[in-house]
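Shared between the two complexes below is chain A, which has chain B as its partner in the first and chain C in the second.
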Partner chain A sequence: MDKSQAQDPLREADNGATAHTLRIGVYVCHCGGNISDVVDVERVVQAASGLSNGVVTRHYPAMCSETGQNLIIDDISNEKLDRVVVAACSPSLHEHTFRAAVARAGKNAYLYEHVNIREQVSWCGKSDPDGATNKAIRLVGAGVAKARLLRPLAPISMDAKRHVTVVGGGVSGLRAARDLARIGLAVTLIERSASLGGHMAQWHLVYPTEDKARDLLRELVDEVIGDPNITVHTRAEVIEASGYVGNFLLRVEPEHITVETGAIVLATGFDLYQPQEGEFGYGQYPEVITLDQLERMLDPEGPTSGRLERNGRAVNNVCLIHCVGSRQIEGIHQPGPDGKLNEYCSRVCCTATLRAAGEIRRRFPRTNVFELYRDIRTYGRGHEEYYDEASRLGVLFCRYEADRPPVVSPAEPKKGPGLICAKHPPGRSGKLNLVPFSAEEPDDSALVVQVKDTLTFGEELEIPADLVVLVTGMVPREIDTLVDQLKLSRSADGFLQEVHPKLRPVELAVNGLFVAGTCQAPMDISESCAAGSAAAAKAAALLASGRIELDPFLAPVDLDVCRGEGKCVEACQYQKAVTLVEVERDGRKVRHAEVNSALCNGCGMCTAVCPTGAIQVEGWRLDQFDAMVDALVADYAETEVSHA
Partner chain B sequence: MLPADRAQVPKILILATEACAYPGADNVGQIHAEYPANTYVVRVPAPVMFSEPFYLHCFEKGIAGIIVMSCGHECPYPGAYDTLATRISRVHELMGERGIQTNRLRLCAVCTVCSKAFLKEVHQMHELLTSTV
Partner chain C sequence: MSTRVHPELHRDIARFGGDDITKCMNCGNCTAVCSLAGDGAVFPRKTIRYMQLGLKDKLLASPEPWLCYYCGECSDTCPRDANPAETMMAMRRWLTAEYDHSGRGRRLYTSEKAVVTTILKAAFIPLALLLALHAVTGFQRIVTDRVELNTFAPVMWVWAVVLLHFAFLGYHLMMNALHMIQHIMKPEDPEAKVPWAAYLLELKSLAIHFITQKRWRECGEEHDGQWLTHLLLVSGYVIMLVLVVGMLGWFQTDNIYPVYHPQRWLGYYATLVLIYASAAMLIGRFRKRTQVHRFSRPTDWLFPSFILVGAITGILVHAFRYAGWPWPTYGMYLIHVMAMVAMLDSEVGIGKWAHMIYRPLAIYLMNVKKRTQNQAVPEAGALPTN
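Our next item is the complex of A and B:
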C-alpha cells in the first residue's frame, strides 16, 4: 500500500474495501402509501439488490419511524454495513434524521445518501406508475453510485451566540421574545413601527375569551420592556444580513447598529387586504368600511367613543360581507396590483365577524345585522359558539355564490320585485321579518346591497344598509428586503414557508431561522402566541449549548494532486478563501493551494477550474456526480418495468 | 424485456441548486403537478462547480438533455451565477463544434416556489427531445 492510500480516509474507514466491495444497505420507504401507491417498491428493491453493493435491500412502510430507523441501526451492526441509502421523501425532511440514525449505530453520519422518490417521483408521476417506478430505480442506482464514493467527514463545530433576534413586535414576536428571555437567552426585538403590539393593539375585543386586546397586550409588553435580557428597537429595520446559523450579523437602520445573533425569529406579521377602488363600493361610498374599522368604531376608546354611527347618524342596518379579498377564483376575481389572486381562506375572519355581529346585536338591539357569506368557517375551539350566539341574537344570514357576489349601490326609490328587510326588529322568535318592498315604507339607508341568497332558493334580496362592512382577510406583508437578505422561502400564496407543516412547523429552510405568527399564514391571536412560543423553544434548543455543528461541505485540497497552478485562487475572487502557499516537502520547496475554511462557502467555483481535480467540495465531489450520471444512463433492462 | 419505446425515452438530467431549484422541484410534487418520468433531478450546491467537459461527457454517456436550474440572481454564492452563465455559453460553443444541438442544454432560474417555471422548462425540453431525438 503506498503512502497516499494509507492516508486515504475512505480506505481507513472501510478496512480496505474498494468502492465495489463496500457493503451498502438500501431502504425504500412506502411513506404510508404516498410512495408505494404509485411506485412499485418491490421492483425498486429487486433492482437495488441486483447492484454489486446491495447487501441489504428492504422496503418498509415508514422508514422515518423509530422501527424504520432501528432497521438501519440493526443492519449496520449485524450486516456490517459500510454505507446506507434511503429512498424516501425529500432530503429537506429526513436526510438529517437518517444521518443521525447512522451516527447512532456508530458509523460516520456522512456515509449516508438520501434519494428523493416522493416529491420528485410518486407525487409528480401518479398517472404513470411504470415510469415512476423506473425513475425510482434509476435514482436509487444513482444514490448507490454516490454512496460508494462517500467519505467519512467530521462536522465543523463552532461557537454560537446565545442570542436571538426577533423581527417584529406584534403578539407572536413579543411572546417569542419573552419566552426566550425567560429561558435565559439574550434577545433583540426589532419593530418596524413606532410602537409594540402590531394589529392586535388596534383591535377591541378578541375571541374566544372576549378579553380586551389591549389589556392582554399591555401585560405582555410590560414583561418584554421590563426584562433585562431583551433590548427593544422600534422604528427600526433589518436592512442587511450575513453569516450563518449561530453567527448571523444583522445591520439595523436607521440606528446604524449591528447585531450579532445566533438565530432569528421572523414574526413580521401580515397586512390586511386593501379592497380595490369600487370593490363593493369601497372608496366610492363613505358608508363602506372594513372590519378593522368597525372594530375601532365599537371600541369605547375609539374614534366614535364606541357609538355605532356613520356620517353623524346612528346605524340602523349593518351589512357584513365575508371573504373580501380571500378565496379568490381565477376568472371571477380581479388580481391585485401584484397580478396575484388570494386563493387561500384567511380563516380567522369568520369568527371575528360573528363576534362583532353579536356584539352589535347585544349593545344596539335596534340595529339589524346581516351577514352575507360564502361559507362560514368557525374552525377553532369555542368558535362555533359565536355562530350559534349570532343566530340566537337575530343576525340574519344570506349565502352568496362566488360568481354572484353582492352588489352595493346607492339607495334609490325601489320598484320591486325584490324583498326588503328593514326596520323590523326581531320578534320573539329572534327572527327578522322579511317583507315585500312597499313604497309606503321607504327606507332611508344610504346604500342598498343586492344579493342572490342561496339559503332561500336563490331569492334576490335588496338589503338597505347605512353601514357596509367588508370582511377583509390577511395578506402577506411586504418584507422583500428580509426575504432577499435571509434567503427566505415563500409559499405560492406569498407567506413564509416552513420546512414541513407537521414535522418542522416553525423552522425555515435556512438553518437558524424560525417563523412565528401571521407571516407564515393567517392565524388568530391564540395560534400566533403558540407559534411564538414554539419558535422560541426551537431557537433556545438550538443555541442552548453555545456550540453549533455545521456540515463540513468545504473544499479541501488534495496535496498529492495539487500542482500549485493557482487557477482556483483566481476563481475564488469573491470569497478569497484560496491562497497559494509555499511549503517544503520531501526536501524541496513546492507551491500548493490552501483553503481558509472560515471563508470557504463551498460553492465549488475552484473545482471547475482545477486542472488536476485536487480541490473538491466535500460531500459533492465531481467523481460522485460522474458516477451518478453513469448510473442514471446504465442498463436496467432486466429490472425496469415494461409496458405490457 | 424492455420494449423499444421505453428503452429509448430520452433522459433529461436536471441539475438543481440546493437553495432554490431543488426545493422548487419538491414544490412541484407538493402541489401534485405531473411531468414526464424521464427526468432526473440531481441536487447540487452550485452548478458552477461543473467544468465544460462534465456537460460534454453527460451527452456522450447518453443523457439527451440537460437543464441547469440555478438560483439566477438569487444565488447565495457571490459571483457564481455570472460565472455559470459564461460557462454555459462556452459549453454551447463546444456543443456546436461537436454537432450537438445547443438547445439540448438549458440554463434557467427556478425559485423555491417556481413550479410553473419548472414545469415549463421540463415540458419544453421533453418536447424538443421527443420530436428530434
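Our next item is the complex of A and C:
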C-alpha cells in the first residue's frame, strides 16, 4: 500500500491560512441555459460572494469549455486561490474535468468541490425558479463550507497484472483478444462452446460486404490461435471470480485452472429469440423456420447444399416475417418464460433479411419473396442499399401493424384440375408463348399467410408460402454466474449496462470490467468488432503501465484512536477490504484495523459503526459533513426571495 | 374477405409494357402530383400496388386506368424511375386484352407476328371480294376510257360489305364493353344492388364524356394542345365513319360535285384534320420529347400510320378521278380500301375504338357507383326501420 498523506495537510497546503481566511473561488455554470433558464445565476453568485469572503465569484455559460477551465486556472495563479467550488452538472460528468484543471494550475486536485445544481436543481425545479435559486444558494453554501475543510490527497497507486481475460470467443471477443495481444498484453480467451466464432460461424454471407462469414472468421481465428500472447480455453467457463481491478482471480471449469488477470472483457454474446410453440406456426408446421436456418439453407456447404427446398420440394414462395420476438408491446405480445417482453429493436435483422431476400431473388428468380414488416430499419452505412436492391429485384413488401400480426395457417386442400383450368383467363391459345399465368402459379403451397397490408390500403391479403421464415431478434444470453460473481449491472432489457452510453460506452460499473459486443445490446458484426476493439483499447490503457491509480476516497485508520474492536470488519460489505492486524507499537503488541486500498470502495459503512471515530472516508470526513449540514440549515433570510 | 396474391401476374402484364413496376416502393408521389387522382380514385399508386401483388380481380374491377390520360407528370416525379404513366398505359392494354374474350387483343399486343398476320388477312378480304366480282363478270365491269368507280366497285355491294364488317366489329366491341361493366360493377357486397335509375340518370355524363373527353383538360393547361389535336382527330374520324358507314351510297359517287357541296368539303375537312393529327402523333413518337411519346410499342405506331395512309390514299383516289385517270383511280381505291379494312380489324381489338368506349364508360360507371353510394347513406338522425 502506498499512501503518502501529510501529517497536517491543511497547514502545509495553505501556507498557514485558517479555514476562515482561505481564498475560495466559486463558479456558477449556466450549462448553456440548462441551469440559467431556471436558476437566477446572478443571485447565486451574489449570495456565494457573501459566503466565501468574496475573493472570486463568477458565472459563466459553459464552465467545462476550455475558456471556462482557463478562468479557474488564471484565477488560481492571479488571485492565489486555495480552494475551488464549481456549481454545475452532476459530478459524474465533469468533476474529473475540474479536478484536472485545478491540478494543471499546480494545486492538489482534491482541493476542489463540485456542486450539482443541474440534475438536482434546475432540471427538477422548472416550475419554481425562485425555490430552485434558493436551493442552489444553499447547496453552493454547503459546498463552500466543505471546501474550507478539504485536505490535499494523493491518488493510490498499485501494481496491476498486464494480463486480460476475454470471456466469449465470438467475433467481438476474438477481435478484443487479438487487439490486446498486439498491444503486448497477455490474453486468456475463455469460450463456453467447443469452437470459436460464435453465431457468426453459422452464418452464410454477411452484409454490407457480402463476404463469406466463415472466411472472415477463419482469418481472425487463425490470428488468435497463432498469437503467442493468447491462451485459448474452449469448453470452459468462469465459475468463480474474486479480486479487484489490476488483480482479479478467476477460477475456470472444468479444467480447474486459475487465471490471474488485470482486467476482464465480457464478450458473452446473445441468444437468438426462440419463438414460442405456435407463434406464427413455429413448431406446428415444418415449413416455418427462422432466419438463421434460412441462412444455413442458402449456404452451399449447408444441409441442403445451397438448394432452397423444404421437405424435398422446391420453394416457390417464401414469406419472411420481421420483428419476431423484438419490439414487443404489452397487451399484444406474450411475455417469454421469464415473464419479460423484448421491447427493444434487434437492429440487425432488417438488413440481414433484406440481404437474404435479395440473394434468393438473384439465385432463384422464379421464387417469389414476400417481406412482411412493421418498419424497415436500415440504419447503417450501406444498409439502405439492400432495401433498394431487394425492391429492384422484385421482393414484395407488405406492412403490418403490431396489433394485426400475420396469421400462418395450412393451405386448403388442392383443388381439382378442372377448377384450375377454369381459372385460365379466357381466350388464351395453347401456344407455348402464351402460357396462362395460373400454370406457372404454384397454387399448391403448403401454407397460407394472411396479412392486413397497410401498403395495399388495409386489404386482407392471402399469400401462398412454401417456406415461412421468422426473423427472430437477439435476446440477452443467460450468464447468471458471471453476473453474480462479477457484480455486473444489467439494464431493464437484460443486456449488460455500461457506465455511460456516450462517455464511457464499454466500461462496466465495476472497475476493470469491460463489455464488448452483443452482450451489451443488439449489434451487427461491424459494430461488435468495433466494440471489441474499443474494449481492448480501454483495457490496454488501464494496464499499460503495469500500475493503476485509484481515487483516494477510502477509509484510512487513525492508529492513535483505533482500539481494534473490529466492528468495521463486521460491517464491511467488501471482502477483505478491512482486516484486523497485530503490530508492535511502542514495544507493545496492539491490534488495529487495516484497510486494503484496492478493495475499499469508500462506502462508509465502517465509519458509521466505529465507536471511536478512528476510521473515516477521505473526501467525506465527518467534520466536512457537519460543516455542510450547518451551511444547509443556516439562516439566509436576507438573500432569499420568499414565496408564499 | 382476403384476396389471394398472384405475384406472377406482373410478368404477364409486363408483356404489355411498363415493366418497371418492381422498382415501385409505394411512396405515392405519383398520386400526389396527379391532378386527376382523388375523389376515391387513388391512382396510379393503387393500380400499381395491385399489379405488384397480382390482385387480378381488383385490377379487373378498377376503372382507374381509364381515368388517366398520360400527361406523364407522375413519371417525371417518380423517385424510383418506375414510369407509373407507362405502367398505367400497360394496364389499359392488359385490360383491353382481358375484356376481349376472343383473345385477339392479347395476340395483337403481345406478338408482332400476330399484328402482321392480322393486317395481311384483313387486307386480303377486299382484294379477294373484288377479284371474285370481276372474275364472275368476266372483267366486263372495268371501264378504261373514263373513270367509273361505281362500276369497278359497285357502291351498294361495297356498302353492304362495310355494314356487315361493322356489325361484326360492333358486336365485338359491345361484348368487350359488357365484360368491362361486369367487372367494374361486380359488387363487393353481394347484397348491395345498383338501382337501374342510377344507370339512366348518369347517361348524360356518358354522352358528354364520349364526345368531348373533357376530363382530359383537368390534366392541366399545358396538355390542352394534346387534347385539341385528339379532338380534331376524333372529329375527322367520326365524320369519315359517318360518311362511309352511314352514307356510303351518297359519298362514293362518280359525280363530281361543286366545291361548296358537303360531299366535297366534309371529305376535305376530315382528310386534312386526319393528316395533321396523325402526322403530329407520328412526329411526337419519333422525337420522344414528351412522356406520352417516350415508349412506343408496335401497336402504338399502327393507328396513326394507318390514318395517314388512309387519308393520303383517299386524297389520291379523289385526285386521280378528278384528273380522269381510270387505272390509277381503281388501283389507289383498292389500296385505300385494303388499308382501311386492315386498320379497322386491328384497331377494334386493341386500340382507339376500344378506349373511345372504355374511357367514358369508366367515368360513367364511377358516377353510377357514386350516385348509388350517396343514396345509400341514411340521413343524419334517421332511425333504422324494421
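Simple rule for what comes next: the second predicted complex is superposed on the first by the 435 of 644 C-alpha atoms of A that agree within 3 Å, B and C clash if a C-alpha of one lies under 4 Å from a C-alpha of the other, contacts with A are read in each partner's own complex, and residues count from 1 in each chain.
We take it that a contact is a pair of C-beta atoms (placed from the backbone, for glycine too) under 8 Å apart; a residue touches a chain by one contact, two chains touch by 3 or more.
Given the structure is predicted, the values throughout are model-derived calculations rather than measurements.
In the superposed pair of complexes, A:G125 makes contact with chain B only, with no contact to chain C.
In the superposed pair of complexes, A:Y574 makes contact with chain B only, with no contact to chain C.
In the overlay built on the shared chain, the residue A:E223 is in contact with neither chain B nor chain C. When the two complexes are overlaid on their common chain A, residue A:E565 makes contact with neither chain B nor chain C.
Shared-chain residue A:L461: touches chain C; no touch with chain B. Of the two partners chain B and chain C, it is B that touches the larger number of chain A residues. Of the two partner chains placed by superposition, only chain C is touched by A:R392; chain B is not.
When the shared chain is aligned, chain B comes close enough to touch A:N116, but chain C does not.
Common to the chain B-facing and chain C-facing surfaces of chain A is no residue whatsoever. Within the complex formed with chain A, the chain B residues making contact are 1-3, 5-7, 11, 13, 19, 23, 25-46, 48-51, 54, 57-58, 61-63, 74, 76-80, 83, 87, 112-113, 115. For chain A in complex with chain C, the touching residues are 317, 368, 370, 391-394, 396-397, 425-429, 433-434, 437-438, 440-441, 450, 455-457, 459-464. Against chain A, in their complex, chain C makes its touches with residues 1-9, 11-12, 22-23, 25-26, 42, 46, 49-50, 52-53, 55, 58, 80, 98, 100-103, 106-107, 110-111. Partner chain B is touched in their complex by these residues of chain A: 90-92, 116, 118-128, 130-132, 134-135, 138-139, 142, 484, 487, 489-492, 497, 509, 553, 571, 573-575, 601-605, 607-609, 617, 620, 622, 625-626, 628-630, 632-633, 637, 640, 642-643.
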